[in-house]
Structure formats: structure tokens, C-alpha cells
Amino acid sequence: MKKRGKGIACIFYGTGYGNGFPDVSRAYAELQPDGKVAIYTGATEVGQGAKTALSQIPAEVLGLTVDDIIFINEDTSITPDAGTAAATRQTYNTGNAIKMAAEELKKELINIAVKELGLNSDAGLEMKDGKIYLKILPDKCITLAQIAAKQSEPLRTFATFTAQTVQIDPETGQGAPYWPYTFSACAVEVEVDTETGQVEIIKAAHAQDVGRAINPKMIEGQMEGGFAMAMGYVLYEDLGLENGRIWNNKLSTYIIPTAMDMPEIQNIIVEDPESTAPYGAKGIGEPVMIPVGPAILNAIYDAVGVRMTEIPVTPMKLLQAIREKEKQGA
Amino acid sequence: MKKISLTVNGKLYQVEVEEDMRLLDLLRDKLGFTGVKEGCSEGECGACSVIMDGKLVTSCLIMAFQAEGKEIITIEGLQKEDGTLHPIQQAFLEEGAVQCGFCTPAMVLAAKALLDKNPHPTDEEIKEGISGNLCRCTGYAKIVSSVKKAAEYLNKGGK
Amino acid sequence: MELKEVIKARTLEEVLDVLDEKGEKAKVIAGGTDLVIQLREGKVNPEVLVDISDVAELCFIKETGDFIEIGAATRFVNIKESPVIGKPFKGLQEAAGHVGSPQIRNLGTVGGNICNASPAADTVPALLALDAVAVIKSKQGTREMPLEDIYIDRGKVKLEPQEILYAVKFLKPQPGQGLGFVKLGLRKALAISTISLAVFVERGENEVIKNIRIGSGALSRFPVREREVEDFVKGKKMDNTVIEEAAEVFGQVLEKRLATRPPVEKDFKPYAIKGVFKEALNKAWQRTK
Amino acid sequence: MSFNVIGKSVIRVDGLAKVTGKAVYPQDIYMDGMLYGKTLRSTVPHAYFTLDTSKAEKIEGVVRIFTAKDVPGHNAHGVLFKDHEVFCAQKVRRIGDPLAFVVATSEKIAQKAVEAIEVKYEELPAVFDPVEAMKDEIKVHDGTSNIIYHYKLRKGNIEEGFAKSHVVVENVYKTSMVDHAFLQPEAGIAYVEEDGTIVVCAATQYPHFDQLEIAEAMGVPAEKVKVINPAVGGAFGGREDITLQIHLAIAAVATGGPVKAVYSREESFVAHSKRHPEIIKIKTGADKEGKLLALEAEIIADTGAYASWAINVTRKSGIHVTGPYVIPNVKVDAYAVYTNNPFCGAMRGFGATQVPIATEQQMDMLAEKLGISPVEIRLKNAFTKGSETANGQILTESVPLITCIKKVADALEMA
């Protein structure tokens, strides 16, 4: 018999290294001869979209498009250390460092423009589309490329951002171990085949607090990917560990979800900007995965009345639990 | 060594292959088509998929000598010489179907093989069409919507 | 042994000549979906590899007299999409459609599925339920045997080194016959069967199950017919009670058979089989109408 | 506030290279005259060992075989504790520990040579159960307790909290050890530039840290090491720890390079970290209205043979086991424990993924006992602006948890 059930779960997630450990990101912003701006930072693109989101931030600051930002992060000899691409920290940490470097560059550019345009002050100066101009007299204008041409050395700014956390007391755990936190919730509906122990996810809704969405489509991509990974975690994935040996060491035996296993997911992006974050944006790479697993487990309980305290919930384990329950009922 | 000839992306190649060489090794190591990826070596992840005589196949499960006389399309064969992207590639970009990108070339080819045969697939048919291509990043949703969008582009006669 | 020679055959004659000359040193490769992995892992070490994947004489699905005959190098995708097989036996097409992934179905062949003698081969249970016959050729001639008899053990079939599986054939569907197939795997695609089951039924008068044949995968060392269950069902009137009782019988058969197997099998399959069997039987019965 | 670029789904800047197949992953780099490396790894979980490479060295095409004695600097690495050896010197602590790196003119020859190295093991008793390991009867690292970290949280009065509770639920949960299964197995290439700079090109999450670890193992200043991080085929935490980077650097310097290595999927599984499996014993109490009064938890995280990020992961489990709820009385003990299992480190969620498997099922059980809905019990206890966490931290802003809960509940018509 096929039985359906719904489940919900919610979580909080502390981002960054945490616990008072210096969580530092660094970045350079550098004006290029053609008026584009290069960002140099050690933040890795692992597929999460760092290169894009972290290009959108300086583009916003400098009134440019993402095409005008050259993002360089592949070579340690020319980039400053920006910490690891982990701990859901790059958007917040390196995002802050890049924003600060870009703002510093903007300040310098404006100062140069004031001088070059022979103005009395920077009041009313706008920076947009690769130009700096006076709003009330747009002909008073200089392009970033023109500014670049006047420099003997490339114009370059540097910034460091260090996140704020406080080490916890070793005896009581009191402190401020992470900052900021992000929040998310997930609800799923499952269908359980009580005769074969198979679990199918029928539909799901997934809400993620992002502070501010820098790139909504990429956030959705993270949410969907996190959903799939969580599905694998609670339903499929098992290394088959036996006396320290991994038996399922191939993708034919270590089962991860395929396209056909995925349900329709409704993504809900919740914005509530964080004042210490770049444009209010918090990281989301990890938290997107977390509420999904327990929501599935709660839905299984709602469907068939068994509590699965060990994951993954394979058909074998679930069928056994269902049979056990039937025995007790009878 | 065995001499074989095959066509890759419209160009004829005559090459000497080792007896125990796979088509994957031939394409990557000898012919330089590194858009063909190796992720599992057992036909499970689909990252090495190419289109051979119109059909999507995993090149890690084919011996090079078996490809004698075959016509093969790899990801390198999709973009036009003037740089125009294939509508599927364009749709993948627009819909955000790419993350780490390692599965992407083969995923695009899986979509092509599907759409060549079935220009109006349902969501379920798309999922089946890409079910031999694992992706660990995207959860597949944006890939499915890209294939839908690509179908629209193609049915309108390209973008 | 080191691989010294690779041959891309174009005719059956060529293949038979190579096998006749090289015997055990030679190995036939078709879809390669299992063999290429085994070659790399050093599990098979032929000196000569002969590719039959483009031998047109081995790639066909056709009606010959009362039979439907499928050439050994026919791809799963061609079975899945064949108009020849006919609606009542759609279960065979579903079995082919459940193999691996599109890529594997484009490469893998029915002959390979049979000759690898994997317990979890997807199309074999369906062919067993259809009472298929294996057609075997060598330079010396042609012989036939029930497909069921071709298996010796896991991974082993009764083929001489000089022989090749040429085709499988089974009787065309008659009115009142149907084939159902159900596969249980750990995910919906790219899944190795944990159970696969094909049920052939023939409807008699008054809803009597005149004939039933059950082929199973992943329940034995190689795909087998489930005769105890067949005997229980045969001749009975199709109704819910019979289905439930038969499912119980199937469960008991497996409890005995799998008693010494690891928990993932013995604590799961005897119970899960019931749902699988019922679904496969119902599907088959639907198709008799 | 209105934005021009922020909030826009601009097309990903690395997308074009990826959809055209032009993006270069480490395995896609081919250099003239490059050599190939293969790693010999332990096949037993705990043993002293000796190697005899003499037969392997004689194979034509083998250039050199590197072992522990060939590490020019410190034979150690690790993100927190330097408890990994670049090559094990005497003892292996898990299946998959690297023993030697063969460099040859072809991948095939390198593989053949790996198989020709004779390894003699003197096996030691091993421990795979973290609860057993806590007794310290078998030590995974000599001279160190297997318990490498204990997170303690004490807030309010736990006994009083449970005494006042109307309903209490207590269970033990177990989560499994899993793999990142990123699609691109580890690969890399290393060479030496004319000025002596060692260049290592490999997919990593943290190139600057790799640079330091490579430099320490090579015994050179960090400036003499350059890490190039091309396209990364997924990471999820699995590329935090060093795998082949130092092996390649050693081989490139000694042979003049370039040296390339590509892991098979099977090797990838043993080479990188895993998600910590956890045993979570948890007791949760609430009053009649469903307000949480007390939570007590004991968490045991199996980190396998090496610490990697175990301390941070376990701390994160301990901090997040409360769930996003205001609870006045909390007691948590979380332990990170060495065993002879595969080593565990960072994986998406980093200790915070494991604990809600327990916490969030507990919430539903309490709700069921109280006859209220799972949504209601969450709304009653959820963090809001101004809430204090169990660690005593005040959440001053950006706490839209209730919005998240309500939105998903509405979407699935849960009340």
C-alpha cells in the first residue's frame, strides 16, 4: 500500500570559522587600462558561484556591470589570502573585503576626478557606466579609462575584513561562537510503499533566509543542489564501511540521486538584510542542505508511523521498521 | 597498435590506437577533446558521454577500436565557428544550469541527443533523458528547465 | 595475457572464424558495458577481442514463423522502442527500458545481458517468463536450448569457446496472454536491481489463470524461473485471495532460499517480493485484456 | 534601496567556459614530457609496515619511487593538527594511508610499479567503534588520547528543567559516514619554474593554505610555492585537506617535472575526508503549552584516523544540537574521537547537518505527545530578533526564521 505523509523541519546555521578564530578575507581592486576593474582575491570558485556573486558586489559599488569586473582568484602568487571556500563564508567575508576595496577605489577615483575636472569638491559627482560626471552638468565627465591612462602605476586598493566572533568558555560554552547566523525551513510530502519500503518525495517547499539575495537564480541552484544532497544523505548514501574498509567505493554502489529521483521543489528566498554583511547578504551554501533531511524523516513518520533514528533510511531498514510496528500492533 | 579512422565533430581522423585504449582515452589524450570528462570509469556518472552515430554513449565503456568508422560529436563540436552557442548551451547559461561545470559538457550532449529525437519532451522525458548523467551540484532542476527552454529555442528555429 | 589483437567484425562469418581459430584466447565484445570495466580491472584477460557490435546479422528484431526473434547484438534501446514485440509483451520493453541509463541502453545488448550471467540482468527475467530459447552458432552449425538452461553459475554460461549466442526467440503473443515487469532498485535510474520480476500469464475462461511463468532477477545466483509459485497459481481463478496467497508462497520460498544470505537480502527480499509480485502479476493480467 | 547589479540573476561569469567544454580542470592539463604519478596506499587499517621497492624500481619506465624518507621538510600536514603524514613512515592508521608515490613515463607503468612494491604489514589491533575508542585501550596515535576534543555547554539547571517538563522525549540517533562524491576526482600537475618556484596545479578549496602546507613539507619558504587553482569540479568540503598536492611537489622537484596524477573514483573515495558519523543521545523536555524547558545531549563524532576539522565540526554539532530554539536549560557534551576508520573532515553543513536529524525528530515527538502540530511547536520556540542562543549570544538582527517556517508550511498546507 502507498501511504503519504508530510513533514517539516527548520534550522539555524552559524557561518564562518567561528569561535574567535581570526576569520580574515583580503582583496585588491585594481583599475585596468581599459577602465575595467580587476579584483584579486584568493576566494575559490568551487561551483558555488563565488566568481559571479563576488563580481556583482564591486560592480554595484563602482556603477559597472559584471562584464566590467575581471575576477582573478586562481593563482596564489598574485592574489591575497581570502580564507577557504567553505564554512559558508565567502559571500559574507570576502564579499565584505571586496566591497571595502571597491569603495576605497571609488573614493580614489572620485578624488582624481575632482582634480582632473577642476571641481571644488566631490559633491554631486556620480560614477556610472565607466564614467564619473557631475550630475548638474553632465559634460563635466571623465571616463575610468581616461583616469587609468593618467596613472604611472595602476591604481590599486586593498582591504581586509575580519569577522567578529568570541571564543566560548571551555567549561560552560558561553560566548558568541558564530556570526552571522542564517535560518531555513523545509516541508516535504512523501509517499511510502509499505510493501517494498521505497520512499518517494512527491513535493517540497524550501525557504532560505539569505539576508539579501545577490543572485537569486544562483541561490535557487544552491537550494536545489542542497536538497538533492540531503535526499542522498537520509535515503541512499552508505559507504558500506566494514572494519575500516569502504566497500561502496564506486558511483555504481555509492548511490547519489539522479534527475529521475528529484521532486518538484518550490524555492522561497527570504530577505532580511544583515547590517554587517555586504549589501546585507549572508552565505547560504551549507544551510540550504540541512533542514531537508529531518523534514523527510518527519514526513516518513507522518506517512507510516515509524521513527527512523538511523540514516540512511534504505528500503530494507524502513520495511523492517514497518513490519516491526505491524507486529506490535497485531 | 591498430589504425582506425573516425569522424569527430565533422573532421576525419586517422589514428593509431593501442589495443586496450578506450574511446575516452583516444578523445582526451590523443585528440585533445578534453571537454570529455572522466568521473567514474564505469559508465555510471555519464561525464564522458559523447554522441556516436546519433546516440548518446559513455566513451569510457567503448574500446577505441570499436569506434572505427563512427561519427562522434563532443561538446567541442557544438559551438559555431563564429562563437555562436548552440541553443542548448545558451539555455544552460541563461537558466543557471551550470555550477561546478564538470558534468555540463556531457549534460549538454545528453540534452542534444534527447531533443534531436524528441523535440517536445515532457519534464519526465527530460529527466529520463539526462538520467545517465550524474550531477552533484544542481539537484537537476535548472538543467531540466534549460532543456525545456532549449527545446523552445530549437522549435523556433534557433535563437 | 596481454591484449594483442582487436578485430572489428562486420560479418558473422568473420566472428565465427576468429572464435574457431582462437578459441579460449578470444573474447567477444558487443556493448562493452560490463566487459570494458572487467578488462580494465584485469578480471578478464583475452588475447584477442572481437567486436560484434556492428555485425548487422546480429542486430535485428523480427517475426519468424510463430516466433519473435531478437539478435544477440540488439541494443536495449531497440527492444524498448520496437514495434514488433507487441503490446501484451510490453513487459519485455519495460525491462529493457529499466536497464541503467540512456547511454547504457544505447550500448548494451540483450546477448551481453544473457552471457554475462549477472544475477541482476534486467531483460533476462522477462525472457525467462516468455520461455525464450537461445540460438547458438558456431562454425560447426546451429543449436538451440531453453534460455533457462544456459546458466551454469553466476557469471557462467554454457557456451563453448568457439560458439556465440546468435539470438533469443520466443512465441508471439496470443490472445489472452500478457507480460508484466517490475524492478526494485535503490534509485529510479542507474539502479542495479535489488529485485526484478517478470510475470507471464495466460487468461483462460472464467478468469482462470491458465498458465503462468515467472522469471526473477537478483533472487538467485543467476536469473531463474520461480516454479513453486507458478505451480501454486496455475489453474486458479484470478482474484485478490489468490494473489495474496501466492505472494505469501513467494515470500516463504525466498525465506528458505535466502536464509544464509546477508541481512540486506534475507531480511528484505522475502518481504519486498510480495508487493513486487502483486504489481507484476496485475500488470500482466491487465495486458491479457 | 535600489540596486543595479545586486539582486539580479546575472549569468555566471565562468559559465561560458563550462558550457563549451573549454574550462580547464586539473586533469585537462597536458604538458610536454610530463611524467605520471600513482600512489601506493595501505590495505590494512592499523599496522607497522616495511616497504621493498627494489622490484618496482627495476621496471622499465619507472623514474623514481618516493617514500617518507624523500620528504624534504616536515613529513606532516593537516588543517588543524599536523597528524597526517605525507607518506607514512612506519605505521598506518587507516586503509588508504599513502605509503609511496611512483613516478613513471606512463600511467600504466606507474600502476604496474605500484603493484610491484612489496609491503609487509605487522598488523596491530584496530578500533572502529568510537565508543570503544573512547576507552583508549587501543590508541590510534601514540601518546595521545583518542578523545581529541570535548565541547561542553552548561546553561541553566538541567535537572530542574526536566523536572518542570510536562513531556520528555529521549532517543539515540545515528548518522552515517558519507562522501562528498563531487564529480571530478582529484587530479593535479606540478612543475618547477626557472627561478625554482614550485608550481602545483590542483583543485582545492583553499589555495593559500595548500601553499603553506606544501612549503612546510618541502622545507622551503611559502613564496617559493605557487598554487594554481583551475576549474574545480565540486568540493563540498572534500577538497579542504591535502591529497596529492605535496606528493606532486616532491616528485616535480626531484625529477624536474612536470608530474601529473589523476585519481580513479575508487582512489578518490579513500583519499579525501568524509562526513563525521555521529551518535546523538538526546533528551528534550517541554511544558504543557509546548515551550521547550530543557535539552540534554551527548554527541560522539567518529573522526577516523585523522583529526582534520573534527574539533570545529564537533563544536558546531554541539552548538547546533539545540535547534533554532530558545531553551532555558541546556547541557551538551560533544566528543571527537579517533578510530581506525577513514578520516572525517569538512562536508557541507560541517557538524550542523548531523544534529537536526535528532533535534527535529524530537520536536515532532514532543508535539505529538502534547497534541499540537509540528508547525505549532516550532513557531512557539523559534528564535526571533532578540533571542538568546544556548551559548548566550544575542541574535540582534536578520532572524527571519518564523517567516521561513510559515512560508513552507503554507506551501504544503500544513497547519
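Letters are used for the chains, namely A, B, C and D, taken in the order the chains are written, and counting of residues starts over at 1 for each.
Here is the rule we go by: a residue touches a chain if its C-beta (ideal position, glycine included) is under 8 Å from a C-beta of that chain, and two chains touch if they have at least 3 such contacts.
The structure presented is a predicted model; accordingly, all values stated were derived computationally and were not measured.
Peer 1: Quick one: name the chains whose C-beta contact count is the highest of any pair.
Peer 2: A-D
Peer 1: If you average the CA atoms of chain A and of chain C, how far apart do the two points sit, in angstrom?
Peer 2: That gives a centre separation of 47 Å.
Peer 1: Taking each chain's centre as the mean position of its Cα atoms, how many Å separate chain B from chain D?
Peer 2: Their C-alpha centroids are separated by 32 Å.
Peer 1: Take the average of all CA coordinates in chain A, do the same for chain D, and state the distance between these two points in whole angstrom.
Peer 2: Measuring from centre to centre gives 18 Å for this pair.
Peer 1: Between chain C and chain D, what is the gap in Å from one C-alpha centre to the other?
Peer 2: Their C-alpha centroids are separated by 43 Å.
Peer 1: Where in chain C do residues touch at least two different other chains?
Peer 2: 101, 188-190
Peer 1: Can you list every residue of chain B that touches 2 or more other chains, as numbers and ranges?
Peer 2: Expected reply: 39-42, 44-45, 96, 99-102, 128, 131-137.
Peer 1: If I count partner chains per residue in chain D, which residues reach a count of at least 2?
Peer 2: 9, 11-12, 14, 181, 231-236, 265 - these are the residues of chain D that touch more than one other chain.
Peer 1: If I apply the definition of touch given earlier, which pairs of chains qualify?
Peer 2: Taking the chains two at a time, the touching pairs are A-B, A-C, A-D, B-C, B-D.
Peer 1: Under the definition above, what is the set of chain A residues touching chain D in their complex?
Peer 2: Result: residues 6-14, 17-19, 42, 44-47, 49, 51-52, 55-57, 59-60, 63-66, 69, 71, 73-77, 79, 81-87, 168, 170-181, 183-189, 203-209, 211-218, 226, 229-230, 232-234, 237-239, 241, 243-246, 249-251, 254, 256, 266, 268, 270-275, 277, 279-282, 285-287, 289-291, 293-295, 297-298, 301, 307, 309-312 of chain A touch chain D.
Peer 1: State the interface residues of chain B toward chain D in the complex, per the touch definition above.
Peer 2: 28-29, 32-42, 45, 47, 74-76, 78-79, 85, 89, 92-94, 96, 98-105, 108, 134-137
Peer 1: Quick one: which bits of chain A touch chain C in the complex? Just the residue numbers, please.
Peer 2: Going by the criterion above, the answer is residues 193, 195-198, 236, 252-253, 255, 257-261, 314-316, 319-320, 323.
Peer 1: Would you tell me which residues of chain C are touching chain A in their complex?
Peer 2: My answer: residues 101, 184, 186-192, 194, 263-264, 267-268, 271-272, 274-276, 278.
Peer 1: Which part of chain D faces chain A closely enough to touch in the complex?
Peer 2: Its residues touching chain A are 3-14, 45-46, 94-95, 126, 128, 151-155, 171-179, 181, 197, 204-209, 211, 225-237, 239-240, 265-266, 269-270, 274, 312, 315-316, 318-320, 323-324, 332, 339-342, 346, 348-350, 352-353, 356-361, 364-365, 374-375, 378, 382-383, 390-393, 395, 397-401, 403-405, 407-409, 411-412, 414.
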